[in-house]
């Protein structure tokens, strides 16, 4: 079946009127965070109770994607009244239904006027928590696939690329390469077979933006991919998702079959000559597969070991064909850019970093969860205004961005705007958007050791500096945290970081020392205290007995 | 050329490097005129001298007494030379590092000793053996530069005499030996 | 995935471009599809290598052949990097040499390379590299992992203690012999070359017993049985010949 | 063409019960989905693991032959990725998240205590085969740090005591104990 | 209150050792012990290695007698393979062994013991070393150095390297001998003979001066063990074991070294890393026996070479039965050097020496192998077990110094009782304590497969072991 614009509008109309037919709607967050607190049971209980009371046509219970404030789950939202409930238990269900016509249940109300909700600007997550990710109709009702329609029927590939370039969108996977440029070189690449890959191998510990997007609004990513395919001349796409995200995989697969049924993917999409196929591929637990060439290897069914670049994947990629890899969040930005124009997008953010960025805020911060903010928001705003500060009156120490390839940013840079270039300046990276707040109880050497342990066990083992060097660094950090290290070893630590950074094969190896380098830069005294005074300033490390 | 004082010592090694030192043959006679051998398995001093210009250390550091001694050597020597592969890489003694110390002792002193019923003293029991009076074995045999800073490295198993002679001659002449090309690991 | 663009067939109709550039301040000329390493070797400029072997696909993994390009801080592996017109390559800067030494030292710490009692003593590329690069001791602590020796094959023996994970064996087995008996299991420091389903070599169903893996191994990891210490020298003349005769494209082991 | 010895038809599988047939059917279906091409290997291994609980050697041989992938390559892939396991898991599995937020929140201490009290480290199963301990890189439940998965059920805000109690119950549920 | 004296390090020995002496309240000597202080664990560290690496691994037990270890090891490997090395290989190995005996005995005599013998036990310890000898007796020192060099050169010409060569292999040797090298060695023989006979004459003359040492240097009855050939003559490489008692009666003969476990067992004392082998039928510690140069000359019927035989007869005439004092080991060493030079000469004259058939090839055919040779310091046993792939599963090594361990301890006690009263130890007494150890020429690096070298301290200890004082 192939749709045209009228069909699309028709679906949207029906869907909206259906929604409007209900007096009340209750959205239950069914993203992984809330699900693990039992939100599935709450949804069930609500549905049962509504049926029992015979209110099926009056109140609609919808399972939706991530509402953001994961720490306070399970979360409900009541779009009709605009209020949120947090920490809901099954026993609260009757009371919630009772109060629908009156004032909300006070003890469950989650204050929505807080900066946490107010300061966010939602583009990527605009539908998160608002629509049922398992129904394509709800996506269409929110202008879904309108961008694709517009692109296929009214724009040339070049015009699309111009729009993307003009928007200033940069890759959200971490490095921040301008997306328009990437698309351009892909469009120019020679070859009749080309591939688009959506990189959903979100491996950074502490990052779960991609998971939330895929769980909450999978169609947005699909739409972005089809547009990308059209713009660059690719007819086959792969979405590479971590197997650790079973819910995301399930919803994505469901979304794919729905989109296929409606003709958003397949042959002659929207009655044009364009055809595009899409498959989901599972990762299997290898951080290194986030690296482009390793990811390609993994899709080919091999071990995910990076290979030297050049040649770049846009020339020699999947099965030697030109291949373009975009991050989930990057692709989720495409449809709105097409729909609303590059100027709109370019109006958000800073001069060199446009648009918004989704962050997974976690660690020692009151409001942990998913946030989307304009580029250029200061760290202080993120941690203290949006995040609500440090719990139990703790003292802020540092914020870690960019996962194992990123770095720890100390207090003195709290007023720094968060954008690609400012983060790079202080030695960290944007990364995919994990943001871990640490308070005075965290020992920075121990944190560095934690990341090094990660890098060591995630090293693919192909090149020597990364394979052996990370192990040597890890051992030294272990000795430092155990207060057994010497200055000679400390010097060796710095030397090894430099070696790995400059000689590793892939970007992952090259950035592996970053957590050590930034902590060395900003928290050197903590290292030295372990060595000279044999003590941990944060009181987190245990001294080890001298072994013969 | 001023006379220099020399010490040689061996820790956990086979003495092959010392033998290679003697393999300088008659050149040893010339050398004997230019250096004072203050401490060595070849001479009778019991105490490491307060100050030595050059100390050649053969062997790996593999027990608590080695650890103590190597620190004294470093403190009281101007130049410390890691003499041979055992001192530099732990070499063959380091091959035991793959096994826990207990297993190594177990093999030699329990499995490979007369069965207890044939013993008169019945001492070491099957449960284990614990040595006293003698130094305690470290968990691993280690190269000396993992314990102390080392000035020159003379690899080889053993290092060839000409390399030893070159090193000492350069030091005697007040120059910095450039060991590149004179010897190698496992030579 | 190819390691590098496939070699074009040179003919009058499809001439490959000639480039001029500099290596260590010497003007050199090369075809655009020749790696920096091969151009350097043609000009008697020595760049140390370990995972590279003429006749096998390139891997770019050991990082010993890194070189500097004037005007860039990035270091490039000479074995998989192709020159550009007017590029200025430096193969022997202090910086590069220092890095090479450290990488080699890391390799020495990774496993148990006891040169003195190794069957390849005196014929070992790792040992030679130490001489070439002036590594007379290893600054990093030795890790002393416990690895096994697999002597189950009737004629050959693999000692994982001496393996440097260059994967020449894997490549020659796949690309030249066509058996793909070898591959590499695990990742990071736990990587290990294996035969078939990580079973004793002697029980491998796919091994043809050709022994090419033994001949290409740079160290004493893969050896002929019964060769005593320092007796194991390797023969490799057959490699480029076989590659030519079998007409296979390098890089197929990755598939 | 692959060697005779690893021809799919010649590869002996363990005597199959109907239940195993079903599990094999799942594997075959996945392979067919990828037209028995080598690039279906990872997906196939996922199915094997789902159906059999772990990657059994005979199945690996079977898959290698069917997808025309060398045996060593199959093993390499199976050991490269952390999701795959070659050993049968315990009756119950406890996964502790080692994501950054969980680490900051104390998951390291939880693991230490399990090692100390239950005597198993990550990747190991108790001697009685009851409990396997695993680590996850990040469950993506950072808001609930420290988090873990107990027999498939994600639980947040863990403490060493809570975890030990849970494991203790698993271990001693057996009437024999 | 009993006190203990510790001597550490013991110097001018090959390795690491320490002496402790327990002094009773009345000033008499209660006990004296010789401790071997280092341990290297060869029996474990070779586990998992292929059998054909054992020759080189065990060579690293000792830098002085690597050849003996190479020979014992290769013989053990020969029997794992189940092969007889070709005749030429057997001869070449024997030639190599001669080189080693010459260099090792020369080292022991000239470098380590001559300071005592020439300068006297009571001279200034600062001077009492090879450098002192060089100054006082430059000609003798030079000839000692020359003699050791000749031995080392023989080894080098055969195997390509003086120390830790990898020429001896399971099944034979790995490179044939050349006529050129043969001739070079031939040219060295006259000088070697000259030095040896000259030194022997001189040594015999000086015996008068050491009456007291001869009396006390482990001068007590024990068993003796050594290897003899099929005629009962002195043998170093391929022979059978013979044990005699203190009266000279043969109590075990033509024992195949492969059956060593029937005659030898090892005991462990927890104050020394060196085990205590003993003659099994007599039990521990009654089965005390000695090995080494004097023991070999005691057990054999003769040397089988003319010059050495003459000297042997003279040596045996020292006493009615076996020569008891270990001091005479110095003497025996010189006789053995003579024997080796003569043996070399005989071998070099045999044209078969240049044959290219030098190695037997085989896969491991047996899972166990035992190799035995006479090392300069005494009988050396290598006992290996391998798995069916030829990887080592188990090893036991009994080195010369180990055999002598009981005797050395008793010798130390004997000297202590004679030369020490109270805790006042004179320099000379101290040195004699070491010299008795030196007379055995203990190869402590060998023993530190089980032993090694921060040479000697003497410590005074109470009976309960608490340290009183260390010298």
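Things worth noting here:
To keep things simple, chains are lettered A, B, C, D and E as they appear, and every chain counts its residues starting from 1.
Simple rule for what comes next: a contact is a pair of C-beta atoms (placed from the backbone, for glycine too) under 8 Å apart; a residue touches a chain by one contact, two chains touch by 3 or more.
Being a predicted model, the structure only gives us computed values, none of them experimental.
Note on connectivity: the fewest chain-to-chain touch steps from chain B to chain D number 2. This structure's chain pair with the greatest number of C-beta contacts is B-E.
Among the other chains, the CA centroid farthest from that of chain E is the one of A.
Comparing chain C-alpha centroids with the centroid of the full set of protein C-alpha atoms picks out C as the closest. Greatest Cα centroid separation from chain B: this falls to A. The centroid of the Cα atoms in chain A and the matching centroid in chain C are 39 Å apart. Here the spacing of chain B and chain E, counted between their Cα centres, is 21 Å. Each chain gets one centre point, the mean of its Cα atoms, and the points for chain C and chain E are 47 Å apart. In whole angstrom, the spacing between the mean C-alpha positions of chain A and chain D is 26. Counting only residues that touch two or more partner chains, chain A has 286, 300, 302-303, 458, 460. Residue positions of chain B touching 2 or more other chains: 91-92, 95, 98-99, 137, 157. For chain E, the set of residues touching two or more other chains reads 57, 60, 164.
Put simply, chain E touches chain C in their complex at residues 48-50, 52-53, 55-57, 60, 164, 166, 169-170, 174, 361, 363, 389-391. Residue ranges of chain C in contact with chain B, taken from their complex: 108, 112-118, 121-122, 127, 130-131, 134, 136-139, 141-142, 144-147. The touching residues of chain D, counted against chain C in their complex, run 3, 5-6, 38, 57, 60-61, 70-76, 79-80.
The residues of chain D lying in touch with chain A in their complex are 38-43, 45-46, 67, 69, 73, 76-77, 80-84, 98-105, 108, 136-145, 147, 153-156. Contact residues on chain A toward chain D in their complex (touch as defined above): 32-33, 35-37, 69-71, 73, 202-208, 211-212, 243-245, 281-287, 298-305, 360, 362-364, 368-369, 400, 403, 434, 436, 438, 442, 447, 450-451, 454, 458, 460.
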